[in-house]
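Two complexes, one shared chain (chain A), two partners (chain B, chain C).
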Partner chain A sequence: MFKEVLKAQWLAARLPVVLLAVLAFALPLLTVTYGGSLENAPTEQVAQWLFAAQRIGLLIPGLALLVGLLLGIGAWAPDHLGKHVYALALPVPRSMYVMLRFAAGATLLAVPVVSVGIGALIATLSVSLPSGLHAYPVQLTVRFALAALVCYAIFFAISIATRRAALAVLGVICGIVLADVLISSLNLRTGMSVAAWVFNLLTTWPGPLAILMGRWALFDV
Partner chain B sequence: MSYAIETFDLAYRAGKHFEIRDLALKVREGSIYGFLGPNGSGKTTTIRLLLGMLKPVRGTISVLGRKVPDEMARIMAQTGYVPERPHLYPYLTLEQAVRYHAAFYEGFDMAYAGEMRRTFGLPLDQKLSHLSKGEMGKLHMLLVLAQRPKLLVLDEPTDGLDPVVRRDVLSALLDFCSQGSATVFISSHLVHELERICDWVGVLDNGRLVVELPMQSFKNGIKRIRLSGAPSLVGDTPFVVLQRETTGAEQVWVVRGWQPPMAQWFQGVGASVREVVDLDLEEGFVELLRSSRAPVS
Partner chain C sequence: MCRAAGLALALSVVAGGAALRAQLPRGSTPHARALLARAESLETQLARRDTLNRRASERQRVARRFGAGDVVVLLGGVADEAVGAKVAAAGAALLDSLGILPVGFVRSRVVVAYDAAGVDSVARAEGLVGRARVLADFGRPVDTLAGGFVLASALVRAYQEGLDSTWRSWAPGGLSLDWKEGREGEAARLDLLTGNERVGARCLAGEISRCALWLGVDRDAHPFRTRYAPDELRRVVASSGWTYGANATAARDCVQGSDDACVRFAESDRVIDATPAGGSARGSLLREIWAVHGRAALGRALADTSGSVAERLARAAGLSEDALLVEWRAWLLTGGGGKRVTAEVADALPVVVFGALLLFAAARSGRWR
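Take a look at the complex of A and B:
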């Protein structure tokens, strides 16, 4: 049963998955665009190289977000098209069907994750690092996998939510924006921003998006 | 008597203008039950209630002896459902769609599916998005029949199909029914189509079950009677008066539940029967709907 669901999901999402895999493979390699032997390079050149590599590293959590978004929404797209009638008529409990869809989408995450891993490994092997600098291909790949999984789970849940739930989320977002507008229009000089507070709440541990923040470097000290 | 489908006091509301109320269906095991009704009468909504896709506001539903929605997975394992509009994944090929469907049903008969595919002339490697409406209709029938279900729920399965495909689909259905004792619940607004295959019929109008009776009674029991000297007021009648019109000295009655000995009742009230005309199923259906919307006083 899972095999067929996975196959169906792969057939529906193969184009974005392949494109994401190409991106995932290319990003770590981009970090060594200025590569070559850095073994005897002056400190200033190494610092510049490291800075450029880390800037490119910032794109990796963005890619994890994109992977989660496309696969999370894509997991339900075929059922949304048919208004879930076919899925509801299948002889499995709804919770099990959701699990099957989730597991199939999560399995497809492996394609961009493995691509990041291979890209990171090739990038690491293609550059000679000076002493004091280290490569973290495995750590980067594992972190990318976890970030993509978290994003996938969030967008998967949003995608399957009822219209009422989606409206509730939209209402909360509008409420936050309105609160900020109200605070600034009243000129309260509190320096408080609800949006910034919520953003911090989500992106600092134990917020669900904390994994996307911080340093995403393939090469670091 | 055991029933494959039984509802009691079923009620559902969709928006301000449509509701299903007091629906009490009884579909006997092994019967082919025609669920008739005009467009928008609530046939699809009723089917979705029966299959646990919608939640009723009141009432109980039992399908194959199991309670809806508590035991839906077990019910659906023995039920083949053809929805009003095809909802299969359009990016799959026919072969992939069959394999996907088969994965969910333990008793899926792959050999029978292959046999039917050849009979229907369906191309194995064609994507579903490229299939014609007729081919999709055949595919749906193939999938549900190969499940070997105990209950078939077909929501306008031949709507929009050309006569040749319609005949193929109905022949496959009748072949399947002749092989076993499956119950078929088939909705349609095409009266003549059901006339040929059903042994029971239920008529739904505006969310209300107007009548539920054996097809034979439905076919033979609705008559148009031309009378003279009929009284303007009548008391209890041994039949159901659906319609009464006066044209000159004559009155035309449309009645349900008619049997020839009942002509004596008219003599008793001083009227004489000039002619008793058999109504075909479609005329009978129309008269039933007219009477349900404007009952004879």
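Take a look at the complex of A and C:
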């Protein structure tokens, strides 16, 4: 059953998956092409190169978000198109079907993740690092996988959510904005922001989005 | 004698009158004379009004004493008692958060607003005569938060000015009250990452001895010879056009290719900073000591007066100089001690839990229910 769902999902999402894989492969390599190999490079180049590594590192969580978004929404796209008739026609409980869809999407996530890993490995092997600098291809790949997985789970759940759930999420967001507007209109001078507080809560460990924060440089101290 | 005095008086009256009359053209009409008299009268009135305003303003700006803990400030023009108290409290809180100024130093100073009037008499009345005055510009009207920052900054500045010459020359203004990783930290990092000096690039590449040179924390008799490459000095001299003045010959020789001339020019002219690292980068070393080894360590280092900057900081941190610089380099490049890219169980756990929750929620309800 899983094989069939995976096959159906692959057929529906193969173009974005391949494009994401190419992007994921290229991104770590950009770190190297920007500064070139350090084998015979002047020491000044190390500075440019490390600077580039840090800047390119900022793009990798963005790519994880994109991967999660496209595959999370894509997981349900054929069902939405077919008005869920296919799902209802299958002789499996609904929860099982959701699990199969999730697992199939998560399996497809492996394609860009492996691409990031291969790209990071090639980038690492193509340079000789000066002392004090290290490469982290494995850590970067695993972190990318975790970040893509959490984004995928979010968009997967949003995609299949009921109208009531969507309204509830929208209501919470509106409530946060309204609270901030109220606080600023009261001129309390506390500098407090509910949105900032919620953002902090989500993006600071053990917040679920903390994985997207932090440092993502392939080459670091 | 009496006749001479009378003559002098008469002459002065005539001369004064002549001066007044000389303002009118010959043959002026009575109307013109009346207009002139009117103008003179208005001028006198304006001067009187200015004097009155000035006196009123001085009365308003009479210094008042505000204090919080050991911090004392004399503010002028603060009608609201609460504002002055808040300024003092905010300043004391900021100093407390920095935590490196010795208590004795704060107790021996009084911060005085530039525009405060009657400071001497207030200082006498409040028993503050023994305290050294530190001037600060609080602006008008005095704002509680900004005022607190001005107050604390003035004391920190005064403290830095009182440090020994090694500290003063190495870190002018290096102590920042409100260090922000995204601002000062980023500036220091950019300085190291994009600076033009070779020692900085080699420090970045991991040569720790070069970090000491770049930061200028070693005690070096010839800093321009060791911390800069001749072509770096030459580039600065050539781009700035310093081929005139007392060191014109050295500057010209430098541009024409003499390395010694470049060093000679830099040493004599002092237009190039002896330390390649900028103020933010030097400040980052102090901040690293503060953040990693505690405020007491930084306080100890600043109070230390023997040895080079590196020796003082290393002694205060309880590390070797090299170990301290390795620590600083990693601290700066990782954004204030932020971890490099990690993928540990602690990172994975929230993802797995949150993912499972979302999957559970998705499985429980859906559009076709």
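A few points about this structure:
To be clear about the criterion, the second predicted complex is superposed on the first by the 211 of 221 C-alpha atoms of A that agree within 3 Å, B and C clash if a C-alpha of one lies under 4 Å from a C-alpha of the other, contacts with A are read in each partner's own complex, and residues count from 1 in each chain.
Rule of thumb we're sticking to: a contact is a pair of C-beta atoms (placed from the backbone, for glycine too) under 8 Å apart; a residue touches a chain by one contact, two chains touch by 3 or more.
These numbers come from a predicted model, not from an experiment.
The superposition on chain A brings chain B alongside chain C with room for both. When the shared chain is aligned, no partner comes close enough to touch A:Val32: not chain B, not chain C. With both structures placed on the common chain, the touch criterion links A:Leu212 to neither chain B nor chain C. After overlaying the two complexes on the shared chain, residue contacts for A:Leu81 are found with chain B alone; chain C is out of touch. In the superposition on chain A, contact of A:Val142 is made with chain C only, not with chain B. In the overlay built on the shared chain, the residue A:Leu11 is in contact with chain B alone; chain C does not reach it. Counting the residues of chain A that each partner touches, chain B and chain C differ, and the larger count belongs to C. In the superposed model, A:Leu70 lies in contact with neither chain B nor chain C.
Touch criterion not met for A:Ala104: it reaches neither chain B nor chain C. When both complexes are overlaid on chain A, the residue A:Val116 reaches neither chain B nor chain C.
Chain B and chain C never share a C-alpha pair closer than 6 Å once the two structures are laid over each other.
Comparing the two interfaces of chain A, the one with chain B and the one with chain C have residues 88 in common. Taken together, the chain C residues at the contact with chain A in this complex read 192-196, 198, 200-202, 204-208, 326, 329-330, 333-335, 338-343, 346-351, 353-355, 358-359, 361-369. Against chain A, the residues of chain B that register as touching in their complex are 51-53, 72-77, 79, 81, 83, 87-92, 96, 99-100, 103-105. On the side of chain A, the complex with chain B involves touching residues 1, 3-5, 7-8, 11-12, 78, 81-83, 85-86, 88-93. In the complex of the two chains, the chain A residues touching chain C come out as 42-48, 50-51, 54, 57, 84, 87-88, 94-95, 98-99, 102, 130-134, 136, 138-143, 146-147, 149-150, 153-154, 156-157, 160-163, 165, 205-208, 210-211, 214-218, 220-221.
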